[in-house]
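In what follows, a single structure is set out as structure tokens and then discussed.
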Amino acid sequence: MTEIVSLRPLLAVGAGLAAVLPILLSGRRPALREGWTFLAGAVQLGAALSMLPAALAGAAHVSPALPLLPGMPLQFRADPLGLLFLTLSSILWLATSSYSVGYLRSLGLKHQTGYFAAFAAAVAAAAGVALAANLLTFLIAYEVLTLTTWPLVVHKRTSGVFGSGRSYLAYTLIAGQLLLGAVVWVGMLAPGAQFTPGGFLAGAASDGVLRVLFVLLLVGVGSKAAVFPLHGWLPAAMVAPTPVSALLHAVAVVKAGAFGVLRLTGWVFGPDLMHDLGLSLPLALLAAGTILMASLRALGEDHFKRRLAYSTVSQLSYIVLGGAIGTPLALAGAAFHIVAHGFLKITLFFCAGSVYAATGREHISQLSGLGRAMPFTFAAFAVGALGMAGMPLLPGFISKWNLALGALDDHQVWVVALLVVSGLLNLAYYLPILRIAVFEPGDDRRVREPSPWLVAPPVFAALAAIVLGLAPDAGARFWFLAESAARSVAEHAPEFLTGGLP
Amino acid sequence: MRDVLPGLLVALPLAGAAFLPLLAALSRRTTRVPALALHVAILAAALALFGSVAAGGPIRYALGGWPGPWGIELWLDGLSTLMAVLVSGMACFASFAQAFGSNEDGAARGSTPLREGLLRGALLLLVAGLLGIVATRDVFNLFVFLEISSLAAYTLVASGGGRSTVAAFRYLLAGTAAGSLYLFGVGFLYALTGTLNMDDLASRLPSVEADAALTVAVVLIAVGLSIKAALFPLHGWLPDTYVYTPTPAAGFIAAVMAKVSAYALLRLLGEVLAGTEAGAVVLEVMIWLGVAGVVAGGVLAVAQRAVTRMLAWSSISAMGMILIGVGMGSALAITGALFHMAAHALAKGCLFFGAGGVRARGGGDDVERWAGLGARAPWTFAALTVAALSLIGIPPAAGFFSKYYLLSASIAAGGPEGIASFAAIILSSLLATVYFLRVLEAVWFRAPAEAPDRASSGEPAGPVLPRPLALPVVGLAVLILLTGIFARPFERHVLPDWETGTARIAAEAP
Amino acid sequence: MGSTPPRPAGGERAPRLRRVLGAAAFPALFLGLVVGMTELPEFGDPASPASTHLSPRFIEEGAAETGAANMVTAVLADYRGYDTLGEAAVIFAAGLGCLVILASGGARRDLPVAGMSNRFGSIVLDAATRTLVPVVLLFAVYVLIHGHYSPGGGFQGGVLFGSGLIMMRLVWGPADASPRPGSDVPTFGLSLRGSLVLASVGILAYVGIGLAAMAFGGEFLNYGTLPLGSDPAHVRELATLGIEAAVFLTVGGTVSLLFDTISIGMRENGVPLGSERGPRE
Amino acid sequence: MTTYAFAAALFALGIGGMALLPNLLRKLLAMNVMQVAVIVFFVSLAFKDGATVPILGEGGTPQAADFMNPLPHTLMLTAIVVAVSSTGLALGLLVRIRSRFETLNERRLLDRLR
């Protein structure tokens, strides 16, 4: 892959960071403060899109390296997978920001300045995770992400919220320390620890050491990806305001974890080495277990946002599953699922937040009649729910279809069955929401759609999801990026070229 | 420049230490400006020396014109000039903070120009002592300057009155015992080799055949310096001393005192005595004690409610980490140890200034007193947050990099001690997470606990941290971030000097 | 005292565990030291490394190189003059410390009057002191100057000088007290400020001589470069006398300072001069 | 050897006293004993059979064998001053402690500090 040294990756990462200070300083003028947020989001998106042509031509923008540690610089590289995550998070950041404006104002929440500042920093950190060229850079961005999201999680500042915040930090910081240990170790074994398609650890140490390393790294990234049994913080973190939940689930945190799993399997170890070490199947089974377990928990959950949270736990493990299988189509499907889940889940969270903003209701059993009172919101919700279940013509279908094909390439038929079962479970916990909202008679006739700030973002996200479902390569070329990322891994793992990439 | 700077480095602080009390006693005016000017001049000399050594190699300076081993030599290489920069830089901040006087309970109190001048003299003496330790190439001279720094430190500790005098007395007993143990060890070395010069010692020691005597000498020196460096379990003096020392001095003493002793340990055990069998054994024991100290310090820090006491225990943990690095002795480990000295000095100085300021608001320094302060003084507490995160080891703060180096060194070292130190360092980060985030949560997200008398009289007048403390806090936080990012001098200048200076330490290229 | 374990019942002494450990540890320390000492060169061995490595130069060349017949003075003030500067700084640090701890607290804007609350004066002491003090002070100067040729030097002289001052203070009381009624003895004594000035000026003079050597192109404290004559040994001898005088000032001032601050502390804090009340502990 | 052992015994006694004696003033005295032990040790290193004090007499070139080693004496002059200084400062501290807490007994002091 040809590399173009440029400052654009730095611009993409720095836009959010640079916005933090102006946001903090313009706390008394809300319009200006939010203007900074939108400006930074636009800059980040612009930087991401400006690097797209190079990626289409098979090249990558690389930032100058800042030497931090011997052989381990701080460096950003816009390879296809990173660009995919970056573009996604900048689009969704803009959507979430406009939603945040409406949400915070309609609920009159306090500490809005700190909120927007932390939000910008968190997105910048997510961009850093996306573009990290090596493990050290990844680790740095990953830790910054943890810390900048903590204020968002405890935004309501009640004693129960502090408990959730501590639980969040306990999971993510402990995992971060294990990740630190693992990164140091990898850095000793393979100087530079630069992400390489197909992995760079083969032959670097004995099998036992590599397995230990894999477990450490997996715990490090898996806790943010909410892989069972490290998912406990995610439902607890639902105490945060809804836009924060959207950030956690769709834009940054959980996505960064899942993204990290893909980097780990495809770019650090590589499918070959994972198979040789016998790590693929256990990881796939772990993902499968997470999918089923979380789906069952979602069935029994009446709290609206917590049900969505369990849905995320389940959906994110598709990505882990794709990484574990490691065939090109599976990887492409997994990478695309980052995008698909991003758009769909943010739609769902926006809807849940709108319901809360309009009615103050947080439980599914209280939703009766709201479907008619809030038609746009629930139309968007229906798109999101069906897309999650893998309905054709929506993006969730594309990722799952490729995942299934990739699994068949590796002769793992059980994955197909798992996908079917999980799709049914998805329907089983999403459709009742729609049924209650649309068909059960409502008891409150005063309920109306909330302000346009709260309606437009979910509708936009749902429309975008539909477009992506019909033409996955439209606009930001998400499918192309996912596919070329997968191909780059496959090119280094020839014996897995059993399945045909188009 | 090269032939003037070393002399100035040791002469300036001594002259200043005598000049400031004189000025204060005669003029009865504040000595703030001359003191700060002196400290800045010393820092400038240290920086110039660092640059000069980096450009032109180590400097040997024969005091009085008598070359070693007959006279006393100064030896300035990357390592010692780095320590000199650290000491004199922290002293600038402490000198600035000295405009803030506080009594034994930490409550702010006006200080008379006279007393202020005396305390400024004591700080300069402390700096003189520490710089002397850092620069000297003579084992007896090291003892003399160790005692200068100790006596000045006792003075500064005891200047709080009340409880701080008891803490100072206990520190004095421990420090004098440490000095005497060290001196006894030097006596053994002198009896065996007839010399006091470090280079001469290193070259004459291999021909010494008295193993038992040599072992006794090495152990005496190691134990003596380890007491000063607060190596677990010889740390008993540290918590009370750090807690009861008045704030400006605490920020300095907690930042650099123990580290200079760790530097002396590194110099003597890692370089001069490295060829001896006993030295190797002592260094290995030091790794294990360091591991124990890292864990014990962290656990006890978690158990504290008072913030300054928590910081003190955290220092014991940090000293454990530094001594692990000293004990391992590989290039990576020494880089890590040095880096941690710098990172920890900056962060601990910053935190002690901040904690002292909060304590001065009255009501003790329980974590509860920190509640809601972040909203009232966002910049200062953002700076303190940076310091805390650095100690936890969150990138890109400086503390992350020192942990990175030390972890790398543990892996490279391998064996049981490598594994133990690897685990201990990770564990210490987790414990630091627990005890620092408790404070940060209070600072940023908890509502202040309103004292009844305060609620009626409204908010207390004045800033949360007085200006003499707030500026150092912010300045140090900036340095913490910069140190993390511009860490290359550690590798580029310090290590090559160390390696060429001592062919004894096997280089382990990463 | 968060880290202090709870006190066992009735203990005025150290806890039992510490006593037992201590009782075992210190004989062990003694034995360890002795085992190491068996391997040291024999006591008085003229062939020991200590006697053969560095000291021959000090003994054989010292007088020629530094101009001091007293080899201890040669080493102290010249070869290892930097140590001696440190030594002066140590004692200055102690004086400064006592000033800070005992005589500059509170809202005091100036140094307190030196001296104890009570004087030990009597007609006999008064007469003896009047005779002795001038002799002591003069002898102090003699010891200082003669340090080149006989046991003595700045420290010894300084301590003697300080003792003379202390003797006056003991007998005649505070510096501001009026002369004894009916006596023509003038109250003499250095004020606290005077002592501090002496001590500081001593250090400054010492560092100043060192810096002057640098100004003339030598290393710090390299007296040989000073433009005091053509014979280097003689120049060094003169400079050595200068730094001995500086040490004399510092030590004399600090000794008096230590005595005065401690007596002020006892006077102001009401600490009795005798032992602590109550039975033996 | 006897003088060496004497120094070792003094040293152990001094450190033991510092750790075990209950009264701070006695601890201080024990500390002095410890410091003196080191001085005894160094000065005994300077001794040389058949040599005299290291002060040059009239005439003649000095021979190393004729004079004691001046270096340890010099060092110990410094060590003595260090001992004096730390004792002086410690006494100052004790005056303050005594006036504030009205005891120098370590256990009682710790009780009062709690």
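Read from first to last, the chains carry the letters A, B, C and D; within each, the first residue is number 1.
In this text, a contact is a pair of C-beta atoms (placed from the backbone, for glycine too) under 8 Å apart; a residue touches a chain by one contact, two chains touch by 3 or more.
Just so you know, these numbers come straight off a predicted model, no measurement behind them.
Peer 1: Count the C-beta contact pairs for B-D and for C-D, then tell me which is higher.
Peer 2: Pair with more contacting C-beta pairs, B-D versus C-D: C-D.
Peer 1: Which whole number of Å gives the spacing of the CA centres of chain A and chain D?
Peer 2: Centres of chain A and chain D (C-alpha means) sit 70 Å apart.
Peer 1: Go ahead and note the Å separation of the Cα centroids belonging to chain A and chain C.
Peer 2: From the centre of chain A to the centre of chain C is 72 Å.
Peer 1: Between chain B and chain D, tell me the centre distance in angstrom, where each centre is the average of that chain's C-alpha atoms.
Peer 2: 28
Peer 1: Using mean CA coordinates as chain centres, what's the chain C-chain D distance in Å?
Peer 2: That pair's centroid distance is 14 Å.
Peer 1: Of all residues in chain B, which are in touch with two or more distinct other chains?
Peer 2: 140, 144, 147, 151, 154-155, 158, 161, 165, 184, 190-191
Peer 1: Please output the residue numbers of chain A that touch at least 2 other chains, ranges allowed.
Peer 2: none
Peer 1: Which positions in chain D touch two or more other chains at once?
Peer 2: Where chain D meets two or more other chains at a single residue, that happens at 11, 15, 45, 72, 75, 78, 82, 85-86, 89, 93, 96, 100, 113.
Peer 1: Select the category (line, ring, star, complete, other) that matches the graph of chains linked by touching.
Peer 2: other
Peer 1: Please output the residues of chain B touching chain A within their complex, sorted ascending.
Peer 2: Listed in rising order, the residues of chain B that touch chain A are 378, 389, 393-396, 400-401, 403-405, 407-408, 411-412, 422, 426, 429-430, 433, 437, 441, 444-447, 484-485, 487-488, 491, 510.
Peer 1: What part of chain B is in contact with chain D in the complex they form?
Peer 2: By the definition above, chain B touches chain D via 140, 143-144, 147, 150-151, 154-155, 158, 161-163, 165-166, 168-169, 172-173, 176-177, 179-180, 183-184, 187, 190-191.
Peer 1: Tell me, which parts of chain B touch chain C in their complex?
Peer 2: These residues of chain B touch chain C: 3-4, 6-8, 10-11, 14-15, 17-19, 21-22, 25-26, 28, 61-66, 69-72, 110, 112-115, 118-119, 121-122, 125, 128-129, 132, 138, 140-141, 144-145, 147-148, 151-152, 154-155, 158-159, 161, 165, 184, 188, 190-196, 204, 210-213, 215-217, 219, 239-240, 300, 304, 306, 309.
Peer 1: Could you please specify the touching residues of chain D with respect to chain C in the complex?
Peer 2: Answer in residue numbers: 1-5, 8-9, 11-13, 15-16, 19-20, 22-23, 44-51, 53-56, 61-67, 69-75, 77-78, 81-82, 84-86, 88-89, 91-93, 95-96, 98-100, 103-108, 110-111, 113-114.
Peer 1: Could you pull out which chain C residues touch chain D in their complex?
Peer 2: 1, 4, 7, 11-14, 18-19, 22-23, 25-27, 29-30, 33-34, 37-38, 40, 42-46, 48, 50-52, 54-56, 58-60, 62-63, 69-72, 74-76, 80, 83-84, 86-87, 90-91, 93-95, 97-98, 101-102, 149-151, 155, 251, 258, 261-262, 265-266, 269-271, 276, 281
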